[in-house]
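Heads up, there are several structures right after this.
The two complexes that follow have chain A in common; it is paired with chain B in the first and with chain C in the second.
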Partner chain A sequence: MVDLTHGGDGHAAGHAGELELYHPTSWVTKYVFSQDAKVIAIQYGTTAMAIGLVALVLSWLMRIQLAYPGALPFIDADRYYQFITMHGMIMVVYLLTAVFLGGFGNYLIPLMLGARDMMFPYLNMLSYWIYLLAVLVLAAGFFVPGGPTGAGWTLYPPQAILANTPGQQWGIIIMLVSLMLFIIGFTMGGLNYVVTVLQGRTKGMTLMRMPLTVWGIFTATVMALLAFPALFVGAVMMLFDRLFGTSFFMPSIIAMGEPLDTAGGSPILFQHLFWFFGHPEVYIVALPAFGIVSDLISTHARKNIFGYRMMVWAIVIIGALSFVVWAHHMYVSGMNPGFGFFFATTTLIIAVPTALKVYNWVLTLWRGDIHFTVPMLFALGFIVTFVNGGLTGLFLGNVVVDVPLSDTMFVVAHFHMVMGVAPILVIFGAIYHWYPKMTGRMLNDAMGKIHFWVTFLGAYAVFFPMHYLGLLGVPRRYFESGDISFVPPSAHTLNEFMTIAALIVGAAQMLFLFNLVWSLRHGKPSGGNPWGATTLEWQTPETPPPHGNWGAERPVVYRWAYDYSVPGMAKDFLAQNDPGPGAAAAAPVGEGAR
Partner chain B sequence: MSVILVFLLAVVIVVFAWLVRQGLFSKPWLEVGVAGGVPIVEPSAPKAARVGLAVFLVVVGSLFALTVSAYLMRAGLGDWRPVRLPGILYVNTFTLLVSSLALETARTGARRGDFDSVRTGLIAGGFTALLFLVGQLVAWRQLNEEGYYLASNPANAFFYLVTALHGVHVAGGLVALGRVTGRMLRGAGVAALRTGVGLCATYWHALLLIWLVLLGLLTSWIGDFILICRQLLS
Partner chain C sequence: MLIAIILALVVAGSILFHVLSPWWFTPIASNWGYIDDTINLTFWITGAVFAAVVLFMAYCVWRFRHRPGHRAAYEPENKRLETWLAVVTGVGVAAMLAPGLVVWGQYITVPAGAASVEVVGQQWQWAYRLPGKDGRLGVADTRAVSAENPIGIDPNDPAGQDDIVVQGGEIHLPVGKPVALLLRSVDAVHNFFVPEFRAKMDMIPGSVTYYWVTPTRTGTFEVLCAELCGVGHPYMRGTVVVEAEADYQAWLDQQQTFKQLTTPATTSALETRAGARPPL
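What follows is the complex of A and B.
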């Protein structure tokens, strides 16, 4: 339960108009049980990366099994399903959602809006610790009897809780409890992000002057707050089914020749609940990526974002539409076929605002002063990859095309491109972009470029051939393909190629991690604003920004976030808190909002 | 899933109306200056806490709208045997209503600066909310004694699930209320309590509203109502 009465204390203590900041007194309250959003952001980021490494290793193991069946004797069919499940769940929930919202949300929202911190810092701290607990509970699944659940990341009942599914004894319980913890922790963080955007903006920072990064994270948070309850309800109900023998999702079943006691449950009901969360989840990951990419492109092309208003509207419209497309994941589930037509239509409609965003990014680049910095490379890589993944989404969104492609590698290739590779490229780009603000040092450029090219080309080497395998009819989720007559021997060669590429891409991430650590000490000092960016986080008096961010007075915002290459100006950018040459006399810079 | 879609539609309408007032159609690239055409709110802790609670209540609303959706979807299948509700549920409903009214008294008292009504309201509100939870447990017990076990029918399972979810939210509210009451007992003045009392009262009203909806669902009044609406439409 969230205690909102806490915020009341600060006001009673005095300081009308200014929120009371908590003041850390020891190393522990400063860096461990910290209430500072920037520290919490880094805690979120490192935890997510740590569990992400587990997911990376799992993907290696799966790829090795697919290319060289039996090469690693400890991988049997049960293990393989457990790896699939954990890889999927970690990447979607515990890495992508946590990094974009918990990581970048915490770091950037207060800084970009000119706030001193989140509105409920204590709740924010609690949010991280519950997230950490959720991650630890999830990881504990590897060590319990029977191992983690092998139900697939969608956890479809009835098989998720039937006796012969791996991890049926402990694994599934651990997974559901961990998800519930994650949702409770996220709700605490999410309330913070939303209320900070609504209440914490500095003087002059109207909604339409917010950088698109904040728009993306804000909208994604609102969506997550509305969508995660669906997963929560589903998880509670499945937990009841597993622990108390209820039949929310369990129909009458004959398993291994024996009828079970369950009767009357509806597996489709779970699918509705799961995808009511699951589809918005795609955009919960994508919208922050959209926002961040817009800012990266604008900054590194020295040009204002094309169609800012349209970009904001598109974000909001995508957010709303993503709640009415969920059943396009269920075309082959046996639901009423009439629904398919409705959901195919809404799915295709959502392509309109999405395509609008892609056009606007391209038009921002057009006649821009493009700098091929590492963040820019990743941003460009994202656009290409997102278009690729988006186009195959149009295939799969149509019922008649989807039915034969369902449960083939084509689907795997599609969602890895659109919500695996694409958002991760943005995460990398954003880390290269904001690392100087977090540490005061640049990441090494040469290592960054190697990292980019190996990751970008390598990801294509893995996932492009996978589309082809899918078209051949190679099924997904198979531990071993054996001798299926319609799969030619060339498919196996291709599998080996993809596996080698995947191993190389994974290895390139070690270079990235090394760069993160090495540059802490040896990176080139960056100064406060190395990219010449306009947004407020680059205008802090100190880098990295200390507790409270802004020194004595919060900045005042005079303009939108994209005044790059304004004609007639000496500098090629005007910061958001720059009153401009003409206005200098009218509005003295020292006049700060409190 | 129609219930959650209606709920979301309401959220979308409110958000959209609010966004339009925030200058969603302005042209920020043409506007240089402090104001930007839209008044900016000064952050204040009580205001932030109120907005935070409102957002949280939307999340809670979403949770219950989804549960109701699942309930109605499941209840539509053939083998649904509704639970015969124990009479104590109506007593509990009355207790929760009294609890809500007590906290409303506390809130108006806090606004007027009347410490006595704040104290009476808080203590009466907390006590009756506890009584409500005990009453719900008694209802569970009675059902169990009558043979409506958790696992014997989906309708039973849903009854326990729905009441448990609501009960957990009441219990969480009691934690917050306990903190406010604790501050009062340690001698905090009315002014320092105003925000906390107000938040508790709002939360209580929301939980009362949710409970009334859930009660309507469990007694299948709402199901009948939806049936009538469908017949009118067709």
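What follows is the complex of A and C.
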């Protein structure tokens, strides 16, 4: 394997070539307009969690409406569709994408690679502030005349800009502008992550020695840089259709008896643009989760990740394949039906590398020394929900099976399990895992375990039964479904059960938030490396790491990230910057050794 | 130990739920039993994989839990095992994909001799059109829609004059005969979904999409819109009545043609006057 570290010694610690860091001089430049990736990471994380709370409350309101129609009189059909739209968009873009890439990406990439910061710290700062602006613009949708758009998070035209769709007046404009801002901000951050991974690694940190967390975030960022532009142009075109009367997506239309002044546009064109972004987006969320969960499992099972090289290649192959599967969201969209053969085949092929990742996680547990820490519990919960949600993807990906299930509650259950619950369990596990590094204190264990069991079992109880409503034929996005002829009263009871479970799961998140704040002051001091982990972020001279991360000397890497329980060693882990007992120890998988 | 038990209970609970669930497919009323078969096959394969993976994990969690003095094994890779797993997974995936593609080929190929029924969606109701005596549907265009011509049949196309226009959301179909549903919308994207038929397709303004079914039993079935089309989406319902040929003919005889609909009653006596069409 070629050693891709730059020059080997050119940028080594203390040498003249090292990047000159910007040093903050005041409280404002240190904590507000900070250029330190760690501060930016926490800013991203807290902003995303704040807007995520809005999405959580919206989900409660929707669940209450579905189980007890009319119980909350302020929820009419207009509001319901506005809630659905905002919940979906917030969760997918403003929470999940932002937390994994802006949050964990910023915190972990420089630390795990032995860098002092991102390569472009000023751009990195701008990235966050534009993201914040995007979030504020999005939230402003709740306060403009007519409220936010109720077009569904997929924003399909023509409906999204027809006069009788809620939020047609202002909401849709706000949504499109906010998305464009988000993409601009993300591009600034994303270029940073990619360049830092390629150029900022410390001496000895070859690509094939990087922790899988970095591989996941890196690949997802490359994908996002390629996928988001499709959404961007779609948003620009729809904005033109809405504001300037163009017809990119608008054919001849008779809306409520009145002919519109549009002709010749293609509604399906938008769907292609949307899903060309939208499907990679699933993996933009999933790949960082894959990477992080690999490191959680390895660390807490005290065992090297099984099949590291295959794990890396699986991440890269999934990333590449995810650009040729987008139209599996469109099997019944009215596109040329012949496309179904191609997209069903590519979609099911992607199941193979994904399954291999699952096997490797479980095989990492095999013959391990499993510590049931809170991060490990969340990792186990992730495997269960991800396997469940991934397998139902084989139904929906297999074109003809998708026909009866598409647009039903089966789809809602599937994507919540696979890209809602599963990645969010990883986010929680990761926060429990890295909080000690961020704050120097452990999160409370008892609260963490309650949080895990309620969230895992509760979310499973919400979304597993939901598949069966879809099999029955209950369509998604129905404001109420009680009067459908084939829906038995028992389905209503099931709806009530799911709603109660959802309310309990939501309440458990309050305990988590309390734990985050309470442990800041009262948590057990953690020391620098409470889990006995090998990766570089745990080897910083100070915890939490100060500006510049490494003191006088950047670490030098001698081995891969997974030297746990190496035979013949007294300790059950060897840090990546540990030269080892016989100082010139070769790297265990025979790569990059010099 | 407790964790392993809970994981095993999640598997057992999921399987029990699946077996005991009263929420299942509506009784099928079309030729698309193949789709149900493929779904059932997929349930078997994926269910087995889910149970195997999670139960194996539960076993590992119990067997390899941390105990004093216990130490993990060190095994970075195992090429044989990884290859073996990749091959088995590939075979399982192919076993689901192959029948799926074959049935998809049938789904998109309308059999020769299928009758045509046009379905037109507009916020938030359904209308239908059947070919008249000439056996063909006239040209239609959204721009021709008016109060008298709600589904936009081109008044200048002679082939459209005898088309039968059905409003009010209820369509009748003869049992046992393949029918191609030609789908059209004049405003938002809709989707003509009859759960008992197992078939659906979006209807896009500006183009005609399609699918076909052969209704296999008589009865009255609810039509649902399955693509979000605005606030009235959940109320966009219709009815399909599948009945024996004689009943179907009786129903058909009561329907009006486009010409009858657009010709004011007072002038209908003058219909014999060749070529005199009321201006639209």
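Quick note on the criterion: the second predicted complex is superposed on the first by the 566 of 594 C-alpha atoms of A that agree within 3 Å, B and C clash if a C-alpha of one lies under 4 Å from a C-alpha of the other, contacts with A are read in each partner's own complex, and residues count from 1 in each chain.
Here is the rule we go by: a contact is a pair of C-beta atoms (placed from the backbone, for glycine too) under 8 Å apart; a residue touches a chain by one contact, two chains touch by 3 or more.
Keep in mind that what you see is a predicted model, and the values were worked out from it rather than measured.
Chemist: Counting only touches as set out at the top, which of chain B and chain C does A:562 meet: first, second, both, neither?
Modeler: Both chain B and chain C are touched by A:562.
Chemist: Output check: A:338 vs chain B and chain C. Expected answer is one of first, second, both, neither. What do you get?
Modeler: A:338 contacts chain C only, not chain B.
Chemist: Which holds for A:312: it touches chain B only (first), chain C only (second), both, or neither?
Modeler: Once the two structures are laid over each other on A, A:312 reaches chain B alone.
Chemist: For A:32, is the partner it touches chain B (first), chain C (second), both, or none of the two (neither)?
Modeler: Neither partner.
Chemist: Taking the superposition as given, does A:358 touch the first partner, chain B, the second, chain C, both, or neither?
Modeler: Only chain C; A:358 stays clear of chain B.
Chemist: On chain A, which partner touches more residues: chain B or chain C?
Modeler: Of chain B and chain C, C contacts more residues of chain A.
Chemist: Between chain B (first) and chain C (second), which does A:510 come into contact with in this model arrangement: first, second, both, or neither?
Modeler: neither
Chemist: With the two complexes superposed on chain A, say which partner A:304 touches: chain B (first), chain C (second), both, or neither.
Modeler: A:304 sits against chain B and chain C alike.
Chemist: Now for A:269: first (chain B), second (chain C), both, or neither, which partner does it touch?
Modeler: In the superposed model, A:269 contacts chain B only, not chain C.
Chemist: In the superposed view, which residues of chain A touch chain B and also chain C?
Modeler: Of chain A, residues 264-266, 304, 308-309, 562 contact chain B in one complex and chain C in the other.
Chemist: Across the complex, what residues on chain B touch chain A?
Modeler: Its residues touching chain A are 1, 4-5, 8, 11-12, 15, 19, 22-29, 31-38, 40-49, 51-53, 55-56, 58-59, 62-63, 66-67, 70, 73-74, 77, 79, 150-151, 153-154, 157-158, 161, 165, 168-169, 171-173, 175-176, 179-180, 188, 191-192, 195-196, 199-200.
Chemist: In the complex, go through chain C and note every residue touching chain A.
Modeler: Of all residues in chain C, those touching chain A are 3, 6-7, 10, 14, 17, 21-26, 32, 34-35, 38-39, 42, 45-46, 49-50, 53-54, 56-57, 60-61, 64-66, 70-78, 81-82, 85-86, 89-90, 93-94, 96-97, 100-101, 103-105, 107-108, 122-123, 141-143, 145, 147, 152, 183, 186-189, 191, 193, 195-196, 198-207, 209, 222, 224-234.
Chemist: Tell me, which parts of chain A touch chain C in their complex?
Modeler: 77-78, 81, 150-152, 154, 156, 158-159, 162, 164-166, 251-257, 259, 264-268, 301-304, 306-310, 332-334, 337-338, 340-341, 344-345, 348-349, 351-352, 355-356, 358-360, 362-363, 365-372, 377, 380, 383-384, 387-388, 391-392, 394-395, 398-401, 403-408, 457, 460, 464-465, 468-469, 471-473, 475, 477-481, 484-486, 488, 490-491, 494, 562, 564-567, 572, 588-589
Chemist: Any idea which chain A residues touch chain B in the complex?
Modeler: 1-12, 16-20, 115, 119-120, 187, 190-191, 194-195, 198-209, 222, 225-226, 229-230, 232-233, 236-237, 240, 244-248, 261, 263-266, 269, 272-273, 276, 304, 308-309, 312-313, 316, 320, 323-324, 556-560, 562-563, 580, 583, 587, 593-594
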